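Written below as structure tokens is the structure these notes are about.
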Amino acid sequence: MIKAGIVGGTGYTGVELLRLLAAHPNVELTVITSRGEKGVQVSQLFPNLRGRVDLAFVEPDDALLKSCDVVFFATPNGTAMQSTPVLLEAGVKVIDLAADFRLRQADEWEQWYGIPHACPELLAEAVYGLPEVNRRAIQTARLVANPGCYPTAVQLGFLPLLEAGVIDRQSLIADAKSGVSGAGRKAEVGILLSEVSDSFKAYGVPGHRHLPEIRQGLTAVAGQPVELVFVPHLTPMIRGIHATLYATLVDSDVDLQALFEQRYAAEPFVDVLPPKSHPETRSVRGVNQCRLAVHRPQNGKTVVVLSVIDNLVKGAAGQAVQNMNLMFGLPETAGLEGIALLP
Amino acid sequence: MIKAGIVGGTGYTGVELLRLLAAHPNVELTVITSRGEKGVQVSQLFPNLRGRVDLAFVEPDDALLKSCDVVFFATPNGTAMQSTPVLLEAGVKVIDLAADFRLRQADEWEQWYGIPHACPELLAEAVYGLPEVNRRAIQTARLVANPGCYPTAVQLGFLPLLEAGVIDRQSLIADAKSGVSGAGRKAEVGILLSEVSDSFKAYGVPGHRHLPEIRQGLTAVAGQPVELVFVPHLTPMIRGIHATLYATLVDSDVDLQALFEQRYAAEPFVDVLPPKSHPETRSVRGVNQCRLAVHRPQNGKTVVVLSVIDNLVKGAAGQAVQNMNLMFGLPETAGLEGIALLP
Amino acid sequence: MIKAGIVGGTGYTGVELLRLLAAHPNVELTVITSRGEKGVQVSQLFPNLRGRVDLAFVEPDDALLKSCDVVFFATPNGTAMQSTPVLLEAGVKVIDLAADFRLRQADEWEQWYGIPHACPELLAEAVYGLPEVNRRAIQTARLVANPGCYPTAVQLGFLPLLEAGVIDRQSLIADAKSGVSGAGRKAEVGILLSEVSDSFKAYGVPGHRHLPEIRQGLTAVAGQPVELVFVPHLTPMIRGIHATLYATLVDSDVDLQALFEQRYAAEPFVDVLPPKSHPETRSVRGVNQCRLAVHRPQNGKTVVVLSVIDNLVKGAAGQAVQNMNLMFGLPETAGLEGIALLP
Amino acid sequence: MIKAGIVGGTGYTGVELLRLLAAHPNVELTVITSRGEKGVQVSQLFPNLRGRVDLAFVEPDDALLKSCDVVFFATPNGTAMQSTPVLLEAGVKVIDLAADFRLRQADEWEQWYGIPHACPELLAEAVYGLPEVNRRAIQTARLVANPGCYPTAVQLGFLPLLEAGVIDRQSLIADAKSGVSGAGRKAEVGILLSEVSDSFKAYGVPGHRHLPEIRQGLTAVAGQPVELVFVPHLTPMIRGIHATLYATLVDSDVDLQALFEQRYAAEPFVDVLPPKSHPETRSVRGVNQCRLAVHRPQNGKTVVVLSVIDNLVKGAAGQAVQNMNLMFGLPETAGLEGIALLP
């Protein structure tokens, strides 16, 4: 059994990690930390875990975490980078669900996250944990930067088009819609039910931290610079991201459906729907799945990709478990075989 | 492997049965019928099952169903009773998720459901499938009447009080609130999102079909007639029932918390929360669990029990699988170990 | 024009008062205070008021408030009682939407609200602002204690029964369900969309501050002590309260429908629905209306009253405007003629 | 008083028209028809209208409708065109809220709506009722084609850019999100709460009937052909449309904020928000308003416009009343002064 620790388990990615790891056949949860909830039973904070997780939150403590085989950071940005060096040195593998190791340039990180990076020397080693792109590197990684939720949905949608070189790389548009859990479990007026239920809005149009992450990932895939307009929206639901992606075709003869189906034929967690489909976020509720559909309206020059994930699973905790499976040589789907809850 | 068939798999209890049975370690889904969707892949109607259920709906056909070890009826009321006699005769076990075999008196059934009963001779044999009351009988039953969703939540809440004889049996009140999936997957204006979202209402106050079922069950438990006022409400959520139960104590010295904890100590699917708790329906979302809390406000004469279930799981498909497990000598929790999705 | 000031206009009752007063034909909004938002345009915080309210929040300041004819307190409990004496002395009428003047006994207030009362000498003078009970007293009041949201829905439902003496006063039950806006516009995890959407729960079962207020009001109406069990619930919607009320009939011959219709025949804001009706909260969304239905299930001894209001209107800001209309000799319905938004 | 009739008043645009017209100072509602609900009191179907609308539905009857000054058609597509000629001949003005008179080419209408047009000779006379474009023509029109909900939100957002000629007309993208009431009050499984709540999806990507309407309107404004990709989505809320619009700037020096503010400075129902704003649909809930914000992310070549309306008001019934006001020489804002309900 792999001994797993979670740092910062009181947010939504934390409780989702707990749900997945508690049912994982090869994992033993040994440590879960939270400064604020120290001493509290996990199942008191999250009653869905009653009878399933018999741990209490403890104060963060690197000595304790060193006894783990793998440590997941489900913390705010800027936390994981404080403890990661010492854990790696102790032979513990680290999977960061926050943004600390996602960007390869320390200065770009500082620009978007507002603080200097604590261990820029690790940025080159950290592997960006999108298995559909970096599977082999993840298998041997000590440190995985788990992708953001929007970046996962957007990259998986653009990937086949960029790899095949069939779109104009300079004019991508990602119009993305997220459920409110993406904003975290934080005491903020702006995400109260009374504020965001029965309403819809865009946010962060002038600039969102996921933009450089997406741009970096797409550029790596394309092998050349990619320009992107990224507009996130808040939609009145708990879980789910729907990315509607637009690009201009430079090759009008490409069979888009075949392109997508072939690219993802061997991927256990990417599902290309039949032509003319419209994936619903509920079809991936609670599961580590991305469902895609590709359209070419009026047979014009614009390709439209519809990409849905559960932001807390394929967009966070599930992908982290997928990465752990790869890092430890387990079957990639271990502990991730649930079926989406519908309705 | 147990060969399982589902009749009428296009409703919400049907798709939930599919989700549970597709992941059940001891079950092979062999037949699923639907007159309306004949020929359609199950996963086309319910995309959460893509890659997990590789069956198409077929026309209902008793010959085909006879090849099953167990047949679940997830049909409208009045359907199961047409085919049950022939299936039982063929040695197939039957679990009816509708109401056909819930009431023991054929005339009462006819009064509430508006049509004569097709096989009243089976009513005495049918076992009411509430394992917390009838576990032993279920183990040897050929025919199980799976309880209604409201009746499950209400009976589990009143059970310890009636068995212990500590409340006045003549003045029970069950104020119950259900998510909209309880109304089924039917083309009706009254359950459109635009009609029932962001609103709340009672319904069926003059009389609801679950009333005689609850009364019969409680009377059986108490050994004496029980009188009940039952008021169901529609609440703007998909899944979940919250029953708020009121009774007048006749024994003021009873330790209510201990009474509940002891009654359910050995039950795998009933969870008594600590004193002063308020269970949330989301804590059982997607799982076969009933969570209960018992209160005595202002230390007065009224006991208040809060009981939550997922109407589609412990209130329908999950309880049906629990009953199947009992009928076939499997571990009672087989295939029912999921953890509730929260948030 | 009546010069109106609002203290604490950044919560939901505040913005609702602004919406109503901005459209009131006899009112000029002159002051709105908020310590936290000082200097901010009201319409920046609440964009629905763009082009309609051209005021900025100012620091609370009694001198400024003394220039008003009426001051509304839409503040947390314990605030209004600090400034009310000086305002009354200056000839300003005061309507408190919080709880400071609702309870007649200072010690009871201190017990439930946890701080000593700042001006207990005003408790006797303050008029409880439920026009359907205290219309005449409100017309001449200097100080009105605007009722709580739950107390409004519950009292209007029990009123005809207690006045007529047809129920047992010792065993009332109020099972009430509220939208989330009732919890206010506060940065609290417990009322995030991701926490309370698609879920249902009771809260405060051991004791809720509205209990003594309801008990006091019902006792005043009955002329004798009334005992009540009050169980509030949180339902996943923004606005609306649905109170389901239970009482035991002591007079079995009473015509309940006639009793309710006669009691409220002259009331502009109480609407008794036809027999067998089930009022929906959306039918009063945004309006100063209480809609009621009365049932006697199975013709038994229990009467069931269904009572719906919009917690922010008839349960708060609308009732405050209704009280203001009465205090200033305006038509009671002035500024309150809107039609509920449905769907 | 203007005598107004409504044909087909049982849908959501119908009840919204009723709400607005019942409170309109210059209108008397005289006839409301519905084949299905003939004889039923309007306020029985829509309880928000109790005490405000004292009419019963009658069988559709042109003779009766001829007694009106204006008739609104809130009917399915293909209905208004049957009765419009005879009403116009009788001197009745007609406002069609469906699509019968929106497209100027009968063959294009037939192509998208699947039936031949019943009175193609009226298409040239019909005025497309977008007052911000066609105010003068509406004032003298006998027949107004009220715009669709998506087309209203999309056209108002692109209008200033196309009129000023600052964008590439060949690559517009409209990513639009609608509340579920936009799908109407129809008994369809696909819009049940249990199907579309807590989920998000695109629909109609291969082609949606609002596409030719938008294209026609934008082409008229631009004076040259406009090409557009239009992707509608269903978002789990009742009311509201949020259109996120993308275009490529051909003039990099244009002051976008000034352009929008100047274009709409005199418009009573279009509100341009300050720079960096993100309009929320709730800010227009229940009111005849379009709120816009214009962005240029990363100062790049793509302009992003955010446009919100209430699909039932500025997107349907409210715009119809605005058109009526213009047609009858009333103040354009008569009966449309409500303030949006927030929260």
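So that you can tell them apart, the chains are marked A, B, C and D in the order they are listed, and the count of residues begins at 1 in each.
Rule of thumb we're sticking to: a contact is a pair of C-beta atoms (placed from the backbone, for glycine too) under 8 Å apart; a residue touches a chain by one contact, two chains touch by 3 or more.
Keep in mind that what you see is a predicted model, and the values were worked out from it rather than measured.
Colleague: A-D versus C-D: which interface comes out with more C-beta contact pairs?
Modeller: Looking at A-D and C-D side by side, A-D shows more C-beta contacts.
Colleague: Can you name the chain that lies farthest from chain B, using the mean of each chain's Cα atoms as its centre?
Modeller: The chain lying farthest from chain B is D.
Colleague: Measuring centre to centre with CA averages, how many angstrom lie between chain C and chain D?
Modeller: 37
Colleague: When the centre of a chain is set as the mean of its C-alpha atoms, what distance in Å lies between chain B and chain D?
Modeller: Whole-Å distance between the two chain centres: 45.
Colleague: Determine the centre-to-centre distance between chain A and chain D, using the mean Cα coordinates as centres, and give it in whole Å.
Modeller: Once rounded, the distance between the two centres reads 39 Å.
Colleague: Hey, what residues on chain B touch two or more of the other chains?
Modeller: Touching at least two other chains: 12, 179, 181, 185, 194-195, 197-198, 236-239, 279-280, 282, 285, 343.
Colleague: Can you list the residues on chain B that touch chain D in the complex?
Modeller: My answer: residues 12, 179-181, 183, 185-189, 191-198, 236-238.
Colleague: Any idea which chain B residues touch chain A in the complex?
Modeller: So the residues of chain B touching chain A come out as 12, 15, 19, 22-23, 46-52, 181, 185, 197-198, 238-239, 271, 273, 279-280, 282-287, 291, 312, 337-343.
Colleague: Under the stated contact criterion, what part of chain C meets chain B in this complex?
Modeller: 171, 173, 175, 177, 179, 194-195, 197-203, 205-207, 227, 229-231, 233, 235-240, 242, 244, 246, 248, 276, 278-282, 285, 293, 295, 297-298, 300, 302, 304, 306, 308, 343
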